[in-house]
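You will see chain A twice below: alongside chain B first, and alongside chain C after that.
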Partner chain A sequence: MTAMKIILLLFMVVASFSASAEPVVIANVNNKLKEIDVSNLQDIYMGRVRSFKDGSMALPIDQAKLRADFYQKLTQRPIEQINAYWARIMFSGEASPPRIMPDDVSVIRIVKENSGAIGYISAESVNKEVKILLRFK
Partner chain B sequence: MHADYKLLVLLRSKLFWQYSLFLILLWGQANVAQAELSPHFSFKGFGTFAVTGTDTDAIGFRRDTSTARGATKSWSIPTDSRLGFQLDADFNEDFSATAQWVLRDRSGQFFEQNLDLAFLRWNISPDLYVRFGRVSPDVFMMTDHRNVGYAYPWMRSPHEFYGYIPIYHWDGIDITKKTEFDGGFLTLKVFGGYAFTQVNAPNKMLFDQGSAVFSTSLVYEKGDWTGRAAYSHIDLNHLSPKNPLEEIIASTPAIDMVWPGVKAFTPLLKFTGTTFNYSALGLKYDDGLWLGQAEASYVDSGNHPFVPNVASGYLSLGRRISSFTMYSLLGISKSFQRNFDIPNPRVPDPQLLILKNELSNTLNNNGIDEKSVSLGLRWDFYTNMALKAQWSHYWLGKNGTQNWVEDPVQSAPSEVNVFSVGMDFVF
Partner chain C sequence: MASVILAAIGFSIIAAAIFYANELVRSRQKTQVMINQLLDTVEYSSAIAAYTNNEQIAKDVLQGLLRNDIVQEVNITGDQGMKLTQSKESLANASEQIKRPLVSPFDNQQVVGQITVVSRGDYNLVEATRSALLSAINSFLLIALTTVIILWVFRRNVLQPLTIVSNTLHDIMVGQKQRIAPLEKHQNDELGRFILDINSLLEVLDAKFKDEQALRLKIEGFERQLRNIFETTSAGLFQIDQTGKILTCNPTFLKFLDNDTLSQHELTECDFAETFIEDNNLFKSMIETAMNSQSLISNDLALKVNERSNGAGWLHCLLSRVGETDGRVILEGVVFDISERVAKEKASVIKPNMII
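Coming up: the complex of A and B.
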């Protein structure tokens, strides 16, 4: 690999960490929860539990562009550790990681259409079709 | 053998790796497009491309006994390289199916022995599910994801602990129940079924082994800690072909006349009916910066001479600095093999002496006696990709190289250095 390519690669790695946004956690408007605590959210997103505290099924959704920020805030770990964690679980056939959607619009669409769906989007994309469960501080 | 050779050629071909990379990129695109379809299908995979070499030609290094080929001074690509493909189908909230096939260097049928997952899953409730079909063994902490290098820091699962387990899958039913307990999660898994495994004996002869299996594990995860206890019971009830020595000695009626005492060894050559009990304890810590993992196990085979009882353990400590992980690993494994003195035939017939030599090898050369220290580095240089380099130094005891590929002529060295560099990826 040429030096140019390595520099480009390093730049991309740095760029992916420096893009900072404040993900807002959203759910379907019919979701009975008013808010969600971080530890419950962590259990849902790390595949430890498959339901909300009230017992209804949870369908977590990832957003490709905010994923690294979201997991850093949720678990205080970089995304490569999260990916390695999921590699163990999905390739041993235990569970599948959250589906990754490309942008806020597609996350909102899925959350709107599925009563158990939970996702995260950037604060400026929030509209009345979904409800906010958590804002990271 | 033919299929193995084809795999070797395939793994060494540049075009193959380029084509694989192309497929990976293509499927990456397809995943996004298909995400909203229901039923939801997803295709994913993992792989490692690595080169491994040692400082000796007197013995071959292999990851485990699932293959009869090892790395020596001439560096080997198949030793630590593999490519896995997985197809998941989520039919609805309750049912899903998974199939996984891994391209790798292993003995036996090319398609069947490399098919590691093929099951239907039924989610009975959010914390209880059942899987029917082919699943990964849950014997030790890593037996269900040994192939997935991206999931762990080392180049390979600890050799002393995982080197003698050629089983990568078994067929049956497992039930998993998860419970919240004292701020953590308790997971109980029970499996019952059958294992069909093809393995090479130390003389490289290929055997089909069929076993009835019962396996159970209990895992407790709380914060940064994971503790695990497991027990597996394996009943070897089918072996083919029969050990040729058993046949020869049994079918020669007058053999006692020329070789007194030899018949006493025939019961020891019978492997069918042997039961194995695997007991293991494991502990893992990972706070994002520091990581530690240790396991201890005891395998009881009733001390059958082919697979003597063995005690093993390892301890690894690691530290992450930005996208780098430095780690050290200590491993030890010791079996309790007996030494059988084979009497000489009365007649020094060359064929009988060959038979005597073969009998002695078969009964006495199955021990494990190894210790190792490893140092390594993992660099997560790009999304879903990691580069690794590892150096391991092994101390091998006399008659303790069962996990290695022994040379028929040269005797095993007492120390070996193993070097490897590789790249792990998931897609």
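Coming up: the complex of A and C.
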């Protein structure tokens, strides 16, 4: 009986890690987009465009704990390269990287408060205050 | 020496021209390589600028590129409408354009813009000219130095010894015992052998000269003896051609003819038979017979009577053909004075009649 509990516990831990390793992209519930493609998301997060395809302003938000994983999935580049990229752009004074929030709760709060905000959080943190635009496979 | 120096200068000029043309091509290739290297350096920043439509980064890239001597003009375009061009203020001619597409920093398949670099037209010429000039000076100095050294060595080792040999040889008179002294530093080389050969030739020439001199003296002795015989013999000797014209004769022959009106020259031009022989037909028939028979013909010939002669003179003549020179047949003759014998014979014939 005890062994069964241990196995179940391990399964839950693994399942929990698996769920957290797959960030989901969320937006304000009032956002007109139902989903977003990777190309458009990349353009927004890498500063190429500042609006969604429907023309509304986009406010990208980073999540500190998921940031490396997110950018790896989004650009296939390590986080160090992304930081260097932003360093160049910041030095020009014409743009700045997305604001980094410490956790999923902070990201949800920002997204909830700004209609154009877009962020990424762990899948298990998703609630009804935000809507999912993209799931990484 | 002047021709050697001129040849060296000419060779330097030709080498410099070839090097200049080669250097121009090499400089163009080098410029292309350098511009491509510059583009490699700024490509990522340019791609970021085009990707994010960031003009500030693009300007930094342009200004950075324009600091290079070989770059005259730079242009960056982005797919979001960015279009920046900067060029140097100098009026240097634009030369080659090198274009490179800019791909997205996050997707190698997505072209987000283009960067174009135009190189300075005169850069290659300046570089090529500078390199060619340096090379020309270098090669000229090298060739000049080499030429001077070669000339000095040639003069010291070849020209001066040859001059000594030439002057010595020039001063040696024919028949002298003087020879060219061997040169100290050229005992065993070509020049030493050359001097030995010249001395050997001089020895041979000297021996030949002495032999010739001795032979000439001997011949002169023979000639004197023959001339003595020719001039003092009791027989008259002469040569005539087929027409009877006297070609040459000895003093005895002239003495027999007892001629003093014709000079030696007139004598040799006159017809012997017509001038001196009473029965000239007889002599002409002797000539014909001698020419045809190839044998010795002899006959007694009566000389024409002249004022100085006391009576008719008689000659016994032996005539034979000698040969032919330049189509002219030569006959030689020997005459003996038989006037006395003929007179005695005539006297002995007359006496019996007188008795009768």
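The rule is short, and it goes like this: the second predicted complex is superposed on the first by the 117 of 137 C-alpha atoms of A that agree within 3 Å, B and C clash if a C-alpha of one lies under 4 Å from a C-alpha of the other, contacts with A are read in each partner's own complex, and residues count from 1 in each chain.
Criterion: a residue touches a chain if its C-beta (ideal position, glycine included) is under 8 Å from a C-beta of that chain, and two chains touch if they have at least 3 such contacts.
Fair warning: this is a prediction, and the values are worked out from it, not measured in the lab.
On the shared subunit chain A, the superposed partners chain B and chain C overlap sterically. Looking at the shared chain after the overlay, A:110 reaches chain B, while chain C stays out of its contact range.
In the superposition on chain A, no contact is made by A:136 with either chain B or chain C. Counting the residues of chain A that each partner touches, chain B and chain C differ, and the larger count belongs to B. Look at A:42: by the touch rule set out above, it reaches chain C but stays clear of chain B. Clashing C-alpha atoms between chain B and chain C appear in just one of the listed stretches 58-66, 112-120, 310-318 or 346-354, and that stretch is 310-318.
Across the superposed pair, chain B and chain C both touch chain A at residues 48, 75-77, 85, 88, 92-94. Those residues of chain A that touch chain C in the shared complex are 42, 46-48, 75-77, 85, 88-89, 92-95.
Across the complex, chain A is touched by residues 45, 48, 51-57, 60, 80, 105-107 of chain C. Contact residues of chain B toward chain A in the complex are 31-32, 35-36, 40, 42, 44, 46, 84, 86, 88, 90, 93, 96, 98, 100, 117, 119, 121, 123, 126-127, 131, 135-136, 144-145, 147-148, 150-152, 176, 178, 180, 185, 221, 288, 323, 380-384, 386, 426.
Every residue of chain A that touches chain B in the complex is listed here, in rising order: 9, 12-13, 16, 43, 48-51, 55, 57, 64, 75-81, 83-85, 87-88, 90-94, 96, 99-102, 106, 110.
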